């Protein structure tokens, strides 16, 4: 599983976030803290969960003070208890104070996503189903959201509209049927892209299978419907389940023998993990 | 209450979000939908809540097809039931399909924030307390997050580090005490900025009051502590409550007579409101 | 075959190109041509070939004079004879003169690529082989280069490093063998990406086939070697030929029964098609 | 002769090129190559020619791994034989693999231009004619294209529309004649710009000379016409030849005694020089 | 008093300024100065005044040669005599020559502003009035202009339209009166912003006071009118004087007992301080 | 004389200026002025002078409200008396109020430059000397500063370091003498750039003349020295005077018969022209 996050991408997102928060300057800190003062601080998890985003927090402080020392105490994807230190840093007090909120905003969001993902992953343990994210991410933060899903043990779905052919209901209607849509997709796509079709009924599953797709997405089906579809497909293509999946239903769906279960809530409704920054004396 | 959102800001955020999702192109739609085909669609709330972000959804589609017709069915901040249409649009099918996910990502997030905000606002109804947001927003989306809070009936706190003096624990330590921190802040800040001090103990409240601040933020205090502080302050400055406020505790805090209650969860932990886009025949 | 080119992408490339040429201003035109003067002009092919890039030429002039009238005389991908008019335009003389070189630079490059592509496509006519481009494009112009290949009747390969898994020699060495590289790729890639492996020897073809890849790229093999590999593979996966393909060898390679032939020269060595802009009286 | 290329310019072009190729990430390399692995590689010329662009190739790798070691084996503008190593590099394998294609795209294009330029320069050796480029460059890559011309021994013409007054046919028509166009140019241009006029007939040469221009460009004339014009001008201004110049005609034109011969093909039709990157064991 | 200037802001402004001056390159320096040559130089004040902007000058040279050594001889805000050295630098001669004009353009403007500010500050010495700047700055250079005012001993007013509520005549008319405008402002503004109202007549002063504003701006009033207003206000809010303030009138205005005097000329009409760069032998 | 100003350039500068002033929003206007309210206003010169920058003021308002009606009352470069209306506008009150300061900042600066330029131009009337600007402009605003000089009747010098060869003392030292510096310049520069040399002594004038330069800049010479140099040069090249030129000395210098007099003060020390925006009833 890849857990990398390109430096360039992180830098651009961090720089935008800092500009948003700092605007014409951190008036409070500039007034009350002298410019050369150094400080030491700790980032602490105030509730238990999975930590993700330390590299982004680090990049936030580094953007403000290139000489800051930032040391992760736990690894990305680590499970921590409430009260655990997750990173230690030292450097210019002005930079630490100016970057604090932005760094924590990244960390609390990413750790929240990782924590929720881990719960889904654990819920399907022992089955062959992979928990996948969707494109339902915070606009502008998709690389971080998807990284956090990986940190939580989940898998990514396609990144965007450009790196995967997923034919949905409206594409089918516009093309005049599944067979025709798949044919057009094969004709147009380059040869390293697979074709997946969304099916809402059994007859759509049959059509998609005949059209020779590589993956069928069963949309908003009950575990029973899913089980029946999987049985019918019988390994002739891969199967993804999507739509309204919850922690309550995910296990039953996984046990139907599907390859992928995609869950929008991982990135659009994960509550933030409570993390704080505490200054140390001296 | 201002509910505006600058066009320029929206355009920049939308453009970034579309670039993220579209990358080198929407391969599925380009393959399956012919370039001149028109379509009509409806945006529908799949659960009840407060709608916010229609202007951003509109800007998303307009960025892809300048001639798209997008008509809001409900006003920003309106309460809707599950199943309600919130907007109708018609235009190039390719543009609608390419913009669908991005537009919904904005709408589901902003409506989620507005919906949660409304619940807090209703919880304190009849008191003088204003529900305020914090700087705990999704990095890069702060203007939208804060707009959604207003749409939900909440008030904004300062936008960033640049438009308000909020002296926290670490500023106090760096300055050598509340009195000195406030004096420095007054000296440095321009004369249209107020000074607020965060107080964690009663003696800090006393010090801040002596220093002549305009607002005291009571951090993580129980309703009892808050009530005592408000009584002590007795109108000599305004009072804000912050830290760990929940729907369970917010009413009791409001009834202490504070002016402002700031709630990080409004923007960092609001679950998305389920909204979808449905194509219409013809 | 998709022939679209996203407006936003074109605008960004055009804007950069104009900035490069105009810098602090078109000193000659500003001096010699009065600001309101209108003109009419024709874009003419000075040698026969395939035309591509008219939409980009149009966007160039529009960026300088939003009211310019630009009418294509031939369709994208059309074959023209020397002397044929390919577009007519009218508008501010200053804008036409300032944009002339930049517009023609796009058109001559893109038409050159389309023209060369067409020759390869015609050379393999009747076989099942698709002529594909590579990532050997002019840096910053890949969307245009790849569009021109499509306009010439060719197919695109993956756009970049992000939308296809192509495992080459060095990936294999780093992973410790083809089997392991393919396994890692399957584990890491999202489920809409296929896996292709580059093979330089017959035993690599065997290994790749065992690893279950979807496409094998035969690198720099003679038609005889290709024929033998295709026979061995026997439809168990798709086959791409790459490396040193020329107009002399392409037919023989295609007749081996491969699915894809990728040709770097299409985009890195196509001579420009000679096109000019001629002003008309009046 | 200046051979510099501003770092800032290179960085911007390289960064755009990498973004284009990498998009949301190099999926193959991230899957198959572990993150800390180091490698050593050599850039090799696969055919003989003039090398240009090593600094750009270097900047490409450095942008991905600041600690990469990149050592040029030959100087910019050096002539190499097929098989010659032109640079050696070592660093993170992921960075080398991710940057490989982009770096080579720069190098193969720039070396192709330098190689073709050198052939023109050698063709006119012993005459006083300078081989010059034109503005017929790949949009967005002009600084690199023009640098490559210098590396090949050629001279640059003006960089863009802003740093030279070149009055062409259409300017003349708009201004109402050569005399008037030149007068307006003198009046408007700052005093460090020369004025050149394009002449297509002998009478235009006479007019331009009377108007007191510093350079006359003889457009698309035969060697005989050029010889006659040069004789007539007799050193009263400089002479440039342009339009349809080939390796077959360039010597005859140079021997007419002109100062400058500008050749569009140098930058719009130079075939790429074949260069590759080979990994070394260990 | 804060005298900081965010690195990021400076870098962006410097980078734009250098791009503007350098365009496609410093043709003179590249022609006449070899690429590795080192030099030493001194920045000298050619007339007496207050120095501001050394950090910006430094950043200019550093942007061109990261290894340049730049040592300030005097502190920001220092008063110097004609002929005084203010900084010494050494590094690549090409970088020093290319950056010279841009660095001096910053320094001469900022020192000019600081010098004029100091004269106003000295003119009001002994009174409680603070000399403040306005938003009448050079577009794009506001952070530098406002920094220079601080370096000269002045205070900043709000930075822009976003960090202070200043209700002017037209806001009052649009809102339907001072009382209503102030009420709307209080309702809309977050609670860390004060409200200031511009008053042109005595009755407006009365109204503003009744509305409970924190600051009243007396616009274009004579010292007598100001004195009367201050007496009437009697400390119930702060008072700012603005409009047509000159070095001749500023003392009389200050002696009225106002808190703030804002002076547009500080940033829109300060003559540049003459500074030069002199190369040293060896 | 060219008086154009590229739309694209203006848009970029205006957009930056508005972002600087508006930041996260115009809090006062959004609070006090309802969103649909229309207004009418007049821009008035509060002192006599030359008007320049109306197109930039217009672009500022248009950027905020595309439907704004902005009508210039006087032409660019017109002389107006105190109290004269220079433009009328009508549109959204919020846009007019938000853009007011930025638009006036452009107009007051540009008109100030045009006004001072006109005084220099009038001072040399009847001589052949052209009043020229320098590169001593406000960083980031050079296109506007130079346009304002033209509007005032002056001429531009080179725009930047890229469009003219001006060999100064330090170039001469680095090259090892005037002859060698000029030779290198000729060798390196493209053939549409002239070469100018700065001379501080009579012997440098002689050397420059021998080297065959096109322009000699007499630096910081008295009228007597200038007269002697002009007599010596006797038309063999053009002459520019520069350095410490004032309204007192400019006439005497012009009468020496020089072609160009460049004056830094035009752009670095011109006081702003007082212009205001007045709302009209209705």
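Couple of notes before you dig in:
Each chain gets a letter, A, B, C, D, E and F, in the order it is written, and its residues are counted from 1.
In this text, a residue touches a chain if its C-beta (ideal position, glycine included) is under 8 Å from a C-beta of that chain, and two chains touch if they have at least 3 such contacts.
Everything quoted here is computed from the prediction, not taken from an experiment.
Listed here as common contacts of chain A and chain D: B, C, E, F. Farthest from chain A, judged by the mean position of CA atoms in each chain, is F. Look at the CA centroids: the one farthest from the centroid of chain D belongs to B.
The interface in B-E, C-D or C-F that matches A-D, meaning over half of the contact pairs are the same by residue number, belongs to C-F.
Interface comparison, A-B versus B-C: the higher count of C-beta contacts falls to A-B.
Look at where the CA atoms of chain E average out and do the same for chain F: the two points lie 22 Å apart. Distance from the chain D centre to the chain E centre is 45 Å, each centre being the mean of its Cα atoms.
Mean C-alpha positions place chain A and chain C at a centre distance of 34 Å.
Residues of chain F in contact with at least two other chains: 2, 22-25, 30-31, 159-160, 162-166, 187-188, 193.
Chain contacts in this assembly form a complete graph, since each chain touches every other chain.
The touching residues of chain D, when paired with chain A in their complex, are 15, 18-19, 22-25, 30-31, 35, 63.
Residues 23-24 of chain E are the ones touching chain C in the complex.
Every residue of chain E that touches chain A in the complex is listed here, in rising order: 2, 4, 6, 8, 143, 159-160, 162-163.
Across the interface of their complex, chain A is touched by residues 13-14, 16-17, 20-34, 37, 39, 93, 97-98, 101-102, 104-106, 108-109, 112, 135-142, 159-175, 181, 184-185, 187-189, 193, 264-265, 268-269, 271-272, 279 of chain B.
The touching residues of chain D, counted against chain F in their complex, run 1-2, 130, 132, 155-159, 162-166, 187-188, 190-194, 196, 214-215, 238, 240, 259-260.
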